Every structure is written in structure tokens, then in C-alpha cells.
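Take a look at the structures listed below.
Look for chain A in each of the two complexes below; its partner is chain B in the first and chain C in the second.
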Partner chain A sequence: MSAVFTVSMIALVVAATVVVGLHGVRLTRSTSDFFVASRSVRPWWNASAISGEYLAAASFFGIAGLMLDRSSEALLLVTGYTAGFLVTLLFVAAALRRSNAYTVSDFAQARFGSKGVRHVTSTIVVLICGLYIVPQLHGAALIAAAVVGVPEWTGPVVVAAVVAVTVYSGGMRSITFTQGLQYWVKVFCLLVPLLLMIAVVATRDIEPAHAGLQAVIEEPHRSGYWTISLLVSVLVGTAGLPHVLVRLCTSRDSRAAQQSVALVVVLVGAFYILPVAYGVVGRWYATAAITEDRTDTLVLRLPDAIVGGTPGQLLTAVVAAGAFTTFLATSSGLIITIAGVASQDLFGANVRGFRRAALVATAVALLLALVTSSSRLTETVGHVFALSASTLFPMLALGIWSRKVNHSGAAAGMITGGVAVTAAALSYYALGRPEGAVGDLLAQPGAWSVPLAFTVMLVVSRLRTADPRRAAAVERFLAQIHSVDPSTRAQDRDRDDVD
Partner chain B sequence: MTSTDMVLLGLLIAVLGMVLGAVAGVLVAHHRIQPTAGPSTDMKLARAMAAFSHGIDSPGVADALDEIRRLLAWEGVALVDRYGTCTRYGIDPAVIDDTAVNSGPAARDAVEIHPGLVRMGLTVDDVAVATLFVAHSVVDRALLRTVREVAGFIETQLAAHALGEAKESKTRAQLLALKAQIRPHFIYNALNVIASFTITDPERARTLITEFAGFTRYWYSERGALTSLAEELRAIESYLVLERARYGDRLTVRVEVSPESLSTRIPHLSIQPLIENAVRHGIESGSGRGSVTLTIHDEGALTLIRVEDDGIGMDPDRLRAVLAGQLDGVHVGLRNVDLRLRETFGGAFGLVVDTAPDAGTLITVRVPKFALDPTL
Partner chain C sequence: MNDPERMSSPRGRGAGRVRVTAPSTRTDVDLDVLLRRMDSPEKSAAPDDAVALWVARRRLALTVAVVYAVLLGAGVTLTPLREAAYLGLPVQPILICVGALALTLGCVRWFMVADRRLENTWTAGHSKAHR
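Take a look at the complex of A and B:
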């Protein structure tokens, strides 16, 4: 019965996604008033869109599951995922918006004046976004197996098919309106079941299924290095996530971009109360079936376990449908980012190149998701954050805040950071997740790979003498990204005129 | 193989990867490989003199001068540019100052003006740009010949630099000139409309003058060649308020803009002329009523801009001639926009016009969401 509810709810969601995507143009402002048309997206709506894009499988399923048996890690991640936007706000947001760069690759090209650096950046962007899709597809597999009761592969295949169809048919542009809506859908789908569960627990006086669960769960001991390294990766990695940074250019000016990012801290922080609350409730009421299977399914199974009956199944369907939209929206956002970058650098910057790139990216991601399996959604995501922290963030931070870094340094640093994190992740899994000091170094490379990337960038830049003509262009670029926007200046002038 | 061995192997692979990464980074960024054999003196000289290709005031010139002196075993060398800035090694500044006062303008040839001091004027395109001094205890024919050769090399490099500069400033000037060429034909009509309102409806006249001021401010603003679509749209709004005052209900305008596209950078005043063209065509149609539709949305890495009207249309052959610059006439504004778009974004990004007589006109512009500002 639960399967029927869930499948029909998901079908509804998919249909709605396709319809909204295909008629996406209708959601753009249509008016005879140019003044209204030229108004940009409001910061809080843009913030919703960034949050909607950012909160993905690891946040929706992963955190709650982690709360069950590794609560300290879960809380660390939640703190890092939220505070990462403070790093974005402090070091990246305003300057990146003023550079008028549309993507991270555009920024790299404008700052370093080199096609080589652009290609390196684009390759890393494709890598990060591609790896980021995999957990989304695994999340879909989880729904398929745990709720619907069909083979795991159906989940990823359905998501990939819907994404491919909508992106290819020209719909499902990464429209700010729909992505902003996504955030509120996610909040709704977690909040309503949670409130009902709390109400049921409070009124019906249910026996905790695992009265002594805390005693049963043995939280793994983590070294100080492990903790610090995790925080470094997540904090700094957030500030380099390409699909988040793309949204900054939708802001009217740098001030609006800063406001958006500040609001994201509030919205993302508020959202994380929900999965953490699921985890806390789960610690008391999760049945053995959940804790012994995959903890990631906690959010899906808890409503049924507590409320029970048809209402419980309905709630499960709501959560599952919410999760499914999350995976759909985030995957399509990522595919659009990949296709945008890849079509510009590989397939030729036109619509056909864009579509071809989107199809190839979807197929590769699906294949990756089908041949791999993750026991925890947060684990894969952790390495993606480390990758972003050791490649794109150093390039952005030094590109914005230092005039000493040149194209050789930027390329060398990004490649070094990327290779280091990839090698660490691969050897970690190849060695079967070793314990101890070496295991920590490989599982959480952030604390050594980020400084390594920074060092290589600075050292290699020093080895190469700068071209004087390039130096002048860099000065102009830095002056542009560090001075007040022309539009803000124009507003101030207008105000002066009125006085 | 024990697990410790495998850990070590993994770390080894990681370290190797890092080294490879650093090397690959340098290669990728440079696309060229340095020669392996040690450079000869001639090559060193040529490389030192290449510093002059960045201009006589570039920071590398001083080091290059010293390198030349060392390679040729001169006792002293000095270079004085036309503003009197002196870069010198091994020559007393007093000697050069005396020379400047007592010996008249520098000759085009290497001349021994004092015992042990050779002077030669450097020119680029027959304009004196600098004076080269060389100090050496024995001044013979061989030394004079070497000085002439070195001077000749430096002149060539400086000329190359001047050529590059000229090319850059030509592009810049071309863009600015094209921008200046855009003439708002409606201005005179607008002023007349405002004049007619000053008696009948002074309040309206006041509003119109404010709009006019807003438009002209945008018109004359000096912010480089590129502006955001949002700012261009605001200027178009002012323009349309003025046109509506003249045409009233006869003019219908529809806008459909995706907010994500508003920060796209376009050449200053590249959409307004298209709207003006559409308004003109719409109103000139038989019915005397016109409707104009502007659609802007994103398309992958590009932003798509479409301006459509239901007016009299244009003769395609005539339009082609105008866009090719073979014919002057009413659509010369379109040619201007077309040229500036191509100049800014590259040859593939011009106007695409679908039109026929009495069939309306659809102008499509595709611009990359990101482009470097050519005038910055």
C-alpha cells in the first residue's frame, strides 16, 4: 500500500517537474513595463534558490541517518555545511560578482588570462559536479529499494531519464523561481511529517522501540586531526562549489550577492534543524529494522514506524516524493552546470553542443552511480567537498586576494590539489577504509591538501617571472573586483541629485 | 602484500601524482617547452633585447640593459628616454647631464662625443624616442659597429611594441567611434512632444523631461564599452515613455525577460537601437498601429535576445547591402549594432534578421553570458 502511495506521489512530482520545466519560459516575467522587467531577483528569493540547489541527498537523508550512530560527526557536518557560506561571504561573494564572471571558469580566464587555466578549471568543475550527482542517484536508489520495493537501479534510471528529457527538450533551465520553490518544498516535506510524529509521540504515549539505544550505539572515536580536517574541507569546500557560485551572478550587484549569501546562512541553518530533529526522534523510536539496515533510510521509515497505518504510509509518501524532487532538481542543476561548462570548452558554445554535453554527462553519471554503491551518502560528498576545497577555492581565494599568483601557479596548484584528493580518496576505498593515522589522512585529506594547493600555487608563481603586459591587466582586473560597483555608485549619485 | 605495503604504495602514488600535477600545470599553462641546450651569447643578447618589445618604460628594460652591458663587456651603458628618465650602469650621471647641455641633439649615428663615450639617438618612425650612451676605454670602428647593431635591434623591438599599441588603441577607438555614431533620431521628436505638453499638461512635461534626463545620462555615461542588460532595459524604459507620449495607444510593447539574464554584459546601447528600429517599423505600417515584443532568456552558455515587430518589414536584399556596409540609409543603426557586437564578442555573434516586406521583422541576437571588456 505504501508503495502505491509513494509511486503515485512521485509520479505526480515528476509530472509537475516536467510540466513546469517545459513551460519554464512562462514563469519569466511577461509585462509591458520595462522597469518591472529589469528588476533583478530579490536577494531572499535568490537565497532560496541557492539553498534549494545546495541542500541535496546528503542533507536530506544523510544527516538524519548519521545522527543515529555518529551524532558528533553529523553535528560537525551541519555546522560546516552552514558556516561554509560565511567563508563564501567573506572571501568570494562580492569580488566574484564584481568580476561579472558567469562561471568559475570565466573567472579563471579573466583573472589569469590563460586558456590553459580555463580548461583546467572547467575539467575540475565537471569532475566536482559529476561526482556530486552520484550521491543524488544513490538516494533515488534508496527510495526505490526501501519504500517502493523495486530493484535499486530503477531509482537512478528514472531520475536520469527525467533529467535528460527535461534538459534536452530545453525546459528545466536552472530557473531561479523553480529552484527557490525547491527549498520550500524540501522544508514542507520534512516539517509536516516531523510535526505529526511529535504530536503522535506526545499524545499516544508510545514506548520507545529502543529504550536503551544510546547504550547499544557505539560512536566511533575520531582523532583531532580527523575533526579539523573534516571542518576545513566542508567550510572551504562550500566556498568553491561551482553550481552554488553560478547563482551569485543572478544578483543585481555585489551588495545583493552578499545579502543573498548571508540569507543562505539563515535558510540552510534553519533547514538543518529538521534532519537533526529526525535523528533525535530516531534515537528513541527507530526500530531495529532501520538501525540494522542502512541508517540513511531513517527519514523514509521513521514516519511509518511511529505513526503507522495509512497515515504513516501517506507521510512516508510525502517524504519520499520530497526527497525525489530534491534529487531531480539538484541533478538537473548539476547537469546544466556541467553542460554549460563542457559545451563552452569542448562541444562548441551553441545549443546543440549544450544538449549533447547534457546527454553525455547524464549517461556518465548514471553509469558511475550504477557501478558504485555508497554505504553512507555523506561519505562520497565529503570527498567532493575536499576536492572543491583543494582546487577551486585556492584558485578563487588567491586570484581575488593576491596579485602574486599567475597562470602557471594557478594551474599547478589546482592540478596538484585535484590529484592529491583523488589519489587519497581512491586509495582510501581501495584499501578498504583503513583505520588509524593513515586512514584518517586518506579519509579526510582537507587539512593537508588545501595548504598543499595554496603552497604549490604561490611557489610555482614565484618561479615564473610575470609578463609585464599581463601584470597591468591583472592590476586592472583586481581594481575592478575590489572597488564599488558602477550601479551602486550610480544609485548614490541619483540620491545626491535628489537632495 | 600486507596492508601496510598497500598504504605505502598508495602514498607513493599520491606523491607521484602531485609531482606530475605540478609539472603538468606549468606545461599546460605555457604550451611551450624550453630549449634544452645552454643558450649562446647571441641568444642571451636576443632574449635580453626582447624586453624592449614591452615598451621603453617597461620594468624589464633596466635589467636588460645591464645584461647587454655584461654580455658585450662594455664599461658603462645608459639609456635616456625623451622625458629625460635615465637608466644607467657604470656611467657617471654628471657626464650624461653635461652632454645633454653641451653637445646638441643626438645624431642618428653612433658618434664618439667625448673620449671613451659613444652616443647614438634611437628613433621609431622618424620620431626620436631615446638616446643610448656607451662608455668604453677604447673606442674603435668595431665598437661603433656593435653599438649601431644593438641600437638597431632595440629600435626594431620598440617599433613592434608601438605597432601593437596602435592596434589595441585602434580597436578601442573603433568601438568608441561606433558608439558615438549612434544618433537617437527620436530626440528631436521627443523635445517637440515635451514642448507641446508644457502648456497643456506641465506635470506630464516635467515627468517626460525627467525621463529624458535619465536617458541622456545613460547615453553619455563613460563606463567602458559594456553594460548590463538591466541597465540597458532601464534606458529603454525611458525611451519608450517618450515614444508613448508621442504615439499614445498606437504603440504596444511586450517584454518577456528571465531575471537570470539581467546581469549579462552587452555593448552599451546595442538593444535600444533595435527597439527604436522596431517601433519605427511598427508605426509606419499601414494600420498605423504597432506592437513590439522583446524576449530575453538564457540558452546554455548564451543569452538569447529577440526583438520582434509586426510592421512593414524590410527588403532582405537591401538590408543585406546595408549590413555589409555597401549602402547607407535608414537601417544604418542596425549595421552599427552588428559591427559592435562582432567587434566585442567575435565574428559569430552578429545580428540575425528575419524579415520580408509587409511581414514584420524578427531580430535575434545571441551573446555569451560572459565576455572580457575590450576597452578595459
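Take a look at the complex of A and C:
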């Protein structure tokens, strides 16, 4: 019966995604619709869409699971994931939108005047999105096996198929509609079961399975370095996530982009209270079967453990549908980002190239997910944040705020940051996840890899003599991206006239 | 920059680029000024007031970031995160999340208001200078 409920709820979510996506297709006419939804997305809807794609499997499952065995890490991540948008607002959002770029690669080429920097940026964007999408598909495999009871591969295949159809048919315009809706579906699917579980616990006087689990779970002690490094990676990494940045390019102007990011802080922060609450409830009422097995599945198994019976199974199905929505929203955002970059660099900057790139990206991501095994969702995503923090963020931050950085420095810094984080992550796993200082340095490289990337960018730029003609172009570009939008000026003038 | 709209335009590659044979004299003059500026980079720097806005924005962003980092650091150091879930108050982790969110939103509000003020001041000064 449980599987029937779950399949029905997931089918409902998939149908809603396709229907809403097809509604977007009817409005999709130009190439600009495919790439940036013709830069017409309003702040409230854009904020919902950004939150919809940003709150990935690691947020939906991972945070609640982490609250069970590593609550301090979970709370740090929640704070960092939310505050990352403050960093985006302060250093990136408005300037990126004023640059009129379609993608992060466009910005890199416009600012540094170099195709080489563009190609390095595009490669890193594809790498980050590729690494980010595989855990989403692994999450779908988890749902398929743990809740529905079908082979693991069916989950990723269904997600990939739905994403391919939506992105292929309507591009950014369709995805904006679906992702905006998906944020609210996710909130509903976590909130309703949580409220019912609390009501059941309060009214039925259920005995806690554990006294807060302190006897069962020993939290690992984390060093000061580890904590700082985690926060650096997450805070700064969020501001460099390409699938978030491309959504800022869909805003009408820079003020709308800023408003979108400000609203995202509200929506993401409000959402994170839910998985944390699941973790808190789980600490008292999760059964040993959950705590000894993968804690990632806490969100899925808690409703049945507390409510039980058919209502419990129904609530599990609702949560599973919310999880599936998460995979769809994040995966579609990542695929559209890869398609936007790859189509301009490889397939031709038009609708046909965009569609071809989307299909290839989906197929490769699916293949990767099927041939790799899933690990802890938050751990994999953690390295992606470190990679983004050490590559794209330094390029964006210095590209936007400093005139001293040139194309050689930008490319060298991004490559150094990328190589450093990748080497650290590979060494960490190859050495069997060592503990102590070495383990901390490899597991959380952000505190040293981010400053390293910034330093390399500045030093290499200083070694190269600046071309005076290029320097003037940079000066004009920086003046443009830090100026006031013409549309904002016109609005202010209109308001002054009315006053 | 690759402009997808331009590249996929029905008129083909290159459509939409600057036309040298512009119909009005004014456009020719503008193009001439632009070309001269490209040849004399020292004169083509950004206008002073634009640079002033850029510097002011950078100062504001850094100020908000430093204040937030200090407050967040203090919060992380002083809050017993590790024992948060079982110190006798079950909702303590939720309160920590709400507190962190309030701090972040406070800084967001501060930045938005200050940035708007900077823009308004700049726009007023810019209009005055060009009147």
C-alpha cells in the first residue's frame, strides 16, 4: 500500500511539473526566452525559483540526517547555506545583472576580454554542475529503492526524462515556472507531515525512543579550523554557484536581482527550519532502525515511525513526493546552466544548440549517476561548494570589484583553486578519510584554497603588464556594472515627477 | 560577449552590430567620439562620479560583510551548537536557526537601504551635473 501511495504522489508531482512546464512553452518564443526567460522574471517568482533549485537533496534529506548524528555541523550548514545569499547580494548580484551577461562565462569574457578565460570558466561551470547533479540523481535512486521498492536506477531515469522534456521544450522560461512552484511544493511536503507528527506526539503521549540520543550518538569533535573552513566554503561557494547566478540574469534589472536575492534569504531561511525540526523530532522519536541505518533517510521514515498505519504511509508518500520535487527542481536548474554555457561554446548560441546541449548534458549526468555509488549527500555537495568558492567566486569578486586583475590572473587563479580543491578531495578519499589536522585540511579545503586562488589571481595579474587599451575598456566596463540602471533612473524620475 | 539573440537573428551573424553608415549625423559623431576614446585610453577612463559610486558601493559591501562576519563568528563561538539538541530545551536548534536568519536578514535590510540611498544620492548629483 505504501508503494502505491508513493508512486501516486510522485506521479502527481511529475504531472504537475510537465503541465506547468508546457504552460511555459506556450510563452517561449525567442532565444532569449530559452537562455534568460527574456529577463522578465519578477523578484518574488525568481526568488521562489532560485530557492526551488538551490534547496537540493542535501538540504531536503541531509540536514535532518545530520541533525541526528552531527547537530553542530547541520546548524553551521543551515546558517551558511542561508547567509551565502547575503554574500551574493553584497558582492555579485547587482553587478552581474548590470553586465547584461547571459551566463557566468559571458561575464568572464566581457570583463577580461579573453576567450581563454571564457573557456576556463565554462569548464568549471560544467564541472560544478556535473558534480552537483549526480548526488541529486543518487537521491532519486534512494527514493526508488527505500520507499517505492523498485530498482535504484528507475529513480534517476525518471528524473532525467522529466528534466530533459521540460528543459528541451521551454528552456529557462519553462523552468522558471516549474522551479517557482516546486519550492512551495517542497515546503508543503515537509510542513504538513511535520505538523501532523507534532500533533500526534502531543495528543497520543508517545514515549520517546531515546532521551535525545546523547547515549547513542557521539558527535565528532571539530576543530576551529574545520568550522571556519566549512563556513568559508558554504558562504562564498553559494555566491559562485553557476545555476544560482544564471537565475539572476533573468531579472528585469539590477534592483530586481537584488530584491530576488533578499527574498531568497527569507525563503531559504524559512525552509531550513523544517529539516532542522525533523532532526529535533528524530533525536527523540527515531527508532534504532533509522539511527543505525543511513540517517539520510530520517525525513522519509520518521512519519511512519511516529504516526504509523495508513496515515503514516500517506505522510511518507507526501514527503517522498517533496523529495522527488527537489531532484527535479535542482537537476533542471543544473542542466539548463550547463546547456546555456555549452551551447554558446560548443553547439552554437541558438535554440537548436541549446536543446542539443541540454540533451547531451542530461544523458552524461544520468550515465555518471548510474555508474557511481551514492555517498553521504551533504559530503559530496560540500566539495562542490569548496570548488565554487575557490574558482568562480574569486573570478567574480575580483572581476567586479578590482581593476587590477587581468585575464592571465583570472585564468591562473581559477585553475589553481580548482586543482587545489580537486586534489584535496581525491586525497581525502584515497587516504581513507583521515582524521586530525591533515584530515581537516583535506576534507575542508576552503580556508586555504579560497585565499590561494585570490592570491594567485592578484600575483599573476601583477606579473603581466597591462595593455593600456584593455585597461580603458576595463574601466568603462566597471563603471557600467557599478552604475545605476537606466530603468531604475527612469523609475526614480517618474516617482519624483509624481511626488 | 556572445549574444545569443544577436547570433540567432534571422539576419544572420553580425546583424545588430554598430552600423558605420548610420542615418543621423549625431550617431556618426557618437561613433567618432567612441573611436577617438579607444585611441586615447587616458581620456576614456570612467567618469569620476561613476568611479565614486563604485568605490562607495565597495566600501558599503565590505562594511556589511565584516560586521556580519564578526557577529556570525561571535554567535558560532558563544552558542553551544554541539550540545544544542539535547540541553534540555528541544527547540533550541530551531531557535538558533531563527536567530541566524534574523541576523542575516538584518544585514540584508541594512545593505539594501544603504545601497538605495547611495543610488539616489548619485542619481541626484549626476542629474545636477548634466543639467
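By our rule, the second predicted complex is superposed on the first by the 463 of 499 C-alpha atoms of A that agree within 3 Å, B and C clash if a C-alpha of one lies under 4 Å from a C-alpha of the other, contacts with A are read in each partner's own complex, and residues count from 1 in each chain.
By definition in this document, a residue touches a chain if its C-beta (ideal position, glycine included) is under 8 Å from a C-beta of that chain, and two chains touch if they have at least 3 such contacts.
Here the structure is a predicted model, which means the values were calculated and not measured.
A.B. asks: For A:Asn350, decide between first (touching chain B), second (touching chain C), both and neither.
C.D. replies: A:Asn350 contacts both chain B and chain C.
A.B. asks: Of the partners chain B and chain C, which touch A:Phe91 in the superposed model: first, second, both, neither?
C.D. replies: Second partner only, chain C.
A.B. asks: One more residue to check, A:Ala110. First (chain B), second (chain C), both or neither?
C.D. replies: So A:Ala110 meets both chain B and chain C here.
A.B. asks: Taking the superposition on A as described, I'd like to know which of chain B and chain C A:Pro311 touches: first, second, both or neither.
C.D. replies: After superposing on A, A:Pro311 lies clear of both chain B and chain C.
A.B. asks: Is A:Met414 in contact with chain B, with chain C, with both, or with neither (first, second, both, neither)?
C.D. replies: In the superposition, A:Met414 contacts chain B only.
A.B. asks: Of the partners chain B and chain C, which touch A:Pro434 in the superposed model: first, second, both, neither?
C.D. replies: After superposition on chain A, A:Pro434 lies in contact with chain B alone.
A.B. asks: Counting only touches as set out at the top, which of chain B and chain C does A:Ser251 meet: first, second, both, neither?
C.D. replies: After superposition on chain A, A:Ser251 lies in contact with chain B alone.
A.B. asks: Taking the superposition as given, does A:Tyr102 touch the first partner, chain B, the second, chain C, both, or neither?
C.D. replies: In the superposed model, A:Tyr102 contacts both chain B and chain C.
A.B. asks: Given the touch rule stated above, what does A:Arg476 touch, chain B (first), chain C (second), both, or neither?
C.D. replies: both
A.B. asks: Check chain A for residues that touch chain B in one structure and chain C in the other, and list them.
C.D. replies: Dual-contact residues (chain A): 30-32, 34-35, 100-102, 106, 109-110, 343-344, 349-351, 354, 468-469, 476.
A.B. asks: Please output the residues of chain A touching chain B within their complex, sorted ascending.
C.D. replies: Going by the criterion above, the answer is residues 25, 28-35, 37-41, 100-103, 106, 109-110, 114, 116-117, 119-120, 173-176, 249-252, 339-340, 343-344, 349-351, 353-354, 407-416, 418-420, 422-424, 426-427, 430-431, 434, 438, 442, 452, 456, 460, 464, 467-469, 476, 480, 486-487.
A.B. asks: For chain C, which residues are in contact with chain A within the complex?
C.D. replies: So the residues of chain C in touch with chain A come to 1-5, 7-8, 37-38, 41-42, 44-47, 50-51, 53-54, 57-58, 61, 64-65, 68, 72, 76, 81-82, 84-86, 90-91, 93-94, 96-98, 100-101, 104-105, 107-109, 111-112, 115, 119-120, 122-123, 126.
A.B. asks: If you look only at chain B, which of its residues touch chain A in the complex?
C.D. replies: Going through chain B, the ones touching chain A are 3, 6-7, 10-11, 13-14, 17-18, 20-22, 24-26, 28-31, 54, 58-60, 223, 228-231, 233-234, 236-237, 240, 252-260, 262-263, 265, 297-302, 368-370, 372, 376.
A.B. asks: Show which residues of chain A lie in contact with chain C when the two form their complex.
C.D. replies: Residues 30-32, 34-35, 67, 71-72, 74-76, 78-79, 82-83, 85-87, 89-91, 94, 100-102, 106, 109-110, 211-214, 219, 221, 227, 231, 258-259, 262, 265-266, 269-270, 272-273, 276-277, 279-280, 283-284, 343-344, 348-351, 354, 401, 468-469, 471-472, 475-476, 478-479, 482-484, 488-489, 492 of chain A touch chain C in their complex.
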